[in-house]
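Alright, structures below, take your time with them.
In what comes next, chain A is part of two complexes: it sits with chain B in the first one and with chain C in the second one.
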Partner chain A sequence: MENKQSSSPASFVDSTVVPGDVVLDLSSMTSQTIKLGGGLRQDCDAISAMKAGTLRFSKPNKYWIESSQKRYVPCVEDTILGIVVDSKADNFLIDIKGPAMGFLPVLAFEGGTRRNIPKFEVGTLLYLRVVKANFGMNPELSCTDASGKAAEFGPLKDGYMFETSTGLSRKLLSSPTCPVLEALGKKLSFEIAVGLNGRVWVNAASPDTIVVVANAIMNSESLSGAQQIIMVDHLLKNIQ
Partner chain B sequence: MEVDREDGRSQNQLRPLACSRNILHRAHGSASWSQGDTKVLAAVYGPKAGTKKNENPEKACIEVIWKPKTGQIGKPEKEYEMILKRTLESVCILTVNPNTTTSIIVQVVNDDGALLPSAINAACMALVDAGIPMKHLAVAICCCVAKSGYVILDPTKLEEQKMKAFAYLVFPNSVHSVLPEGSLRVEGEPIENGIITSVTHVDDYFYCLERGRAASVKLSDFLRRNLQQQSTDSSKAG
Partner chain C sequence: MEGRLANSWRLTVNDKNFIKTALLSEIRIDGRKPFEYRKISIKFGREDGSSEVQLGQTRVMGMVTAQLVQPYRDRPKEGILSIFTEFSPMADPSFEPGRPGELAVELGRIIDRGLRESRAVDTESLCILASKFVWAIRIDLHILDNGGNLVDAANIAALAALLTFRRPECSLGGEDGQEVIVHPPEIREPLPLTVHHLPIAISFGFFSNESILVIDPTHNEEAVMGGRMTTTVNANGDICAIQKSGGEGVPQRVIMQCLQLATSKAASITKQIKDAVEVVNTERALRKVKRHPTSTGVDVREKQN
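Moving on, here comes the complex of A and B:
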């Protein structure tokens, strides 16, 4: 029933794996330390896949499964867009499209003290950074960067927020710049905030620009680079 | 023993399979599965914070809602929900997201025999689409035993009604592995059994099991190809 694969771990890298596939055999890699990212779990000596996706490897020793979902798995140092759901004495409760609510400490702002606690209404959209994401605990968020400066974090005013998959968010944030954003940026002027949890916020001077940008991004998920540029040209031709 | 089935299939032949994922816009994961004319739609929402009162908060909780094609929800639907819940609990890794609930809603679009196995297959694909961590995929088959003793796979509704007994079998999918063949065999490739509904003879049950296992390999391959195809579609972008 099982297909016999060659015993080198490189055989599964960059190919699609299905939950249950054993992708690495630790008994044949005794003197190395490897780091496992998302989607992989360890079963004694065998590393098997938990999600369906593409197995990726980055030198020297990192393995992970890349897949695109509508829900988010919190990771430390990710920048995300959260929506305020409630405010308690010490924390704001933030919805981050993950399995648990995020906690934003009331003092996690630049120059934050007990006297100048910001008042966020329920439903405010915030650009945040994940500080702690431990197993079984609610993730802790912050509105400052690692050195304590505000650095663009905080509430996003005006504009329009829409939801995408996590895979599309990663593509939008990849460098070099994603073809869709480059093509749009040549003709239109807009401001964009991408959350790795699958939320994107767009702001521009006029509503039609916002709508065009939002539609272009939503359509670009399954297109290749060249197709994205063609799609953007098509959309822009229709409005000008 | 040559058997004449109404649609011209052989004893071990399955009906044409079709599966599509990510068809519902709002659900976090969704899949539609059809075997011949039987079609089932499954949607997954979750994981969401909080578990129900009687559930263990150290594990993830799975909640199943079965929606029949017509009529009100009654005892048969509750039974299907319970069977699906137990099967999916054994397939998912419940310790990854403790104190969360994942809801699976199964909608019957058309029932032409082998309804519960189609629902299990659809629910499994929907869970994969939602990215819920799983130990392996669940592959479900329906076997029927006729009065004269022959066994057929994947019956239609008419065939089901004429049978003496039927068994729904659920197996783990066949895995691709980098381990040398010997080490996986030693475990004995554990079989998960779904539910056995009124099998009257022990011999028949083991015969069904063999046939079912052989067919589960084909279904496994179909699932794998389906997942590869859809992932290459979306990876062409950017």
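Moving on, here comes the complex of A and C:
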């Protein structure tokens, strides 16, 4: 026990941790403020891991655990793709691939009033933002950004949606641009919306572009950057 | 109610329209052409009569077991063949544990009809003592993952398991020759089943606009398609069974087209099954040879020292 408490936090960063590992000891860092991201929990002075994954650190003081799953756990301020399941008087019920249905208030649109409530048929795909996500409660969603503007949120027309793991969605949204998207973007023109809940929507002028982009992204999860570029070249040669 | 809603798989309006529009240009969402089959991989377990078939994302496990029972009264000289399907909830969110649903019963019936009506498995050779003891062959099919077209994958799993199954050899004994002695596998080599031909099930999906036809539908295509038809044919060109379960009507020439496509696919799938079974049989034979070594092996490492 003595050894564990005196180990430096740098030793756990970028390495795999499992639930229960004490990754940080606050008693040795008294005058710092640390921000804890997903997967970490504070027990008095010890920060322990709750999820299995890799511990990441970003300057100056952010720690979080990164892991890839097929399930989605709703987090505040995530942008996700949801499917309308039902509409009630006050909310739309949205499926977000999480443990519970999301509620989208009927007024959560830019310029939304009781008079102009949008009508979504069952099965409409929406690009949404998570406003509230508490354990045990249904998450609350919104079609506006924090300042109330529409900002590209709302229904997505045409195109094709497919499901991926949460890790792949994060890779697709990371900057600098993910190699597979860059390689595809050099040759094809398409529009893409990535939800952090493991859903990706692609739209392009012709169906075979959409099919190529969708299959390239689905295949790219376990490949490294260079392998992704090779895979994309291979796929594109097969079409042309 | 909400909890159950939260866990089902859904298809968006966008996907439904896209699958239909893409098919108008003869493109399917996984990049296949309309008449292209997915890659089939057939694996076998350690026991005789267990197989696992993977057709794209769909995975089915087949298991064959046999038991000595009394035959049916109206067929005293024939063995019994029965098929049980289990749709595991891990395969699809809509599968519930417990009583088999409509889809499970239909799948079992299609495979059963393909094997029984076409007399693919020789049941008369399963009779040991008429009216007293016959072998009852039980095929269990477990659906492990539903990626579309469960019928075809389950059929291949059943055939692969039947071809690699070995039943114990038995002989008649006792004072009046009325007792059956079952020999354990170590004493007498177990016997394979007599399978005359392999009925292969090939499924087609029909879509509403301009009678578009696809072979081997995936999960998304099954949710969008207007009708389905499964034809069971064998490599000799015999039609063993046809099942068209609901959906819109199709003209006769489309059915003839399906049958011709099915016959050509059946030949290649039959070859694949036979090759895989051949490999496994050779492997098992080699393993049996090693079981009784007559000479001790030489340890190469000792020589190097």
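In this section, the second predicted complex is superposed on the first by the 232 of 240 C-alpha atoms of A that agree within 3 Å, B and C clash if a C-alpha of one lies under 4 Å from a C-alpha of the other, contacts with A are read in each partner's own complex, and residues count from 1 in each chain.
One rule holds for everything that comes next: contacts are C-beta pairs under 8 Å (C-beta built on N, C-alpha and C of every residue); 3 or more make two chains touch, one makes a residue touch a chain.
Predicted model only: the values in this text are computed from it and were never measured.
Q: Contact-wise, after the overlay, does A:25 reach chain B, chain C, both or neither (first, second, both, neither)?
A: The answer is first: A:25 touches chain B but not chain C.
Q: Once the shared chain is lined up, is A:179 touching chain B (first), chain C (second), both, or neither of them?
A: A:179: touches chain B, not chain C.
Q: For A:63, using the defined touch cut-off, is the partner it touches chain B, chain C, both, or neither? Pick first, second, both or neither.
A: Touch partners of A:63: none, neither chain B nor chain C.
Q: Return first, second, both or neither, reflecting whether A:100 touches chain B, chain C, both chains, or no partner chain.
A: both
Q: Just to be sure I read the superposition right, which of the two partners does A:16 touch: chain B = first, chain C = second, or both, or neither?
A: So A:16 only meets chain B here.
Q: Looking only at chain A, is it chain B or chain C that touches more of its residues?
A: Counted on chain A, the partner with more touching residues turns out to be B.
Q: Look at A:127 in the shared chain and tell me whether it touches chain B only, chain C only, both, or neither; answer first, second, both or neither.
A: After superposition on chain A, A:127 lies in contact with neither partner.
Q: Using the superposition on chain A as set up above, list the residues of chain A that contact both chain B and chain C.
A: On chain A, the overlap between the chain B and chain C contacts is residues 99-101.
Q: If we count contacts the way the header does, which residues on chain B are in touch with chain A in the complex?
A: Per the stated touch rule, the residues are 28-29, 46-49, 93, 96-100, 128, 130-131, 133-137, 172-181, 184, 189, 217, 223-224, 227-228, 231-238.
Q: Can you check the complex and tell me which residues of chain A touch chain C?
A: The touching residues are 83, 85-86, 93, 95, 98-101, 121, 123-125, 138, 156-161, 201, 206-208, 210-212, 214-215.
Q: In their shared complex, at which residues does chain C touch chain A?
A: 2-3, 5-6, 8, 10-18, 21-22, 25, 27-31
Q: Could you list, by residue number, the parts of chain A that touch chain B in their complex?
A: The contact residues of chain A facing chain B are 1-9, 11-12, 16-25, 39, 41, 46, 48, 50-54, 67-71, 73, 99-101, 135-136, 167, 171, 174, 178-179, 220-225, 227-228.
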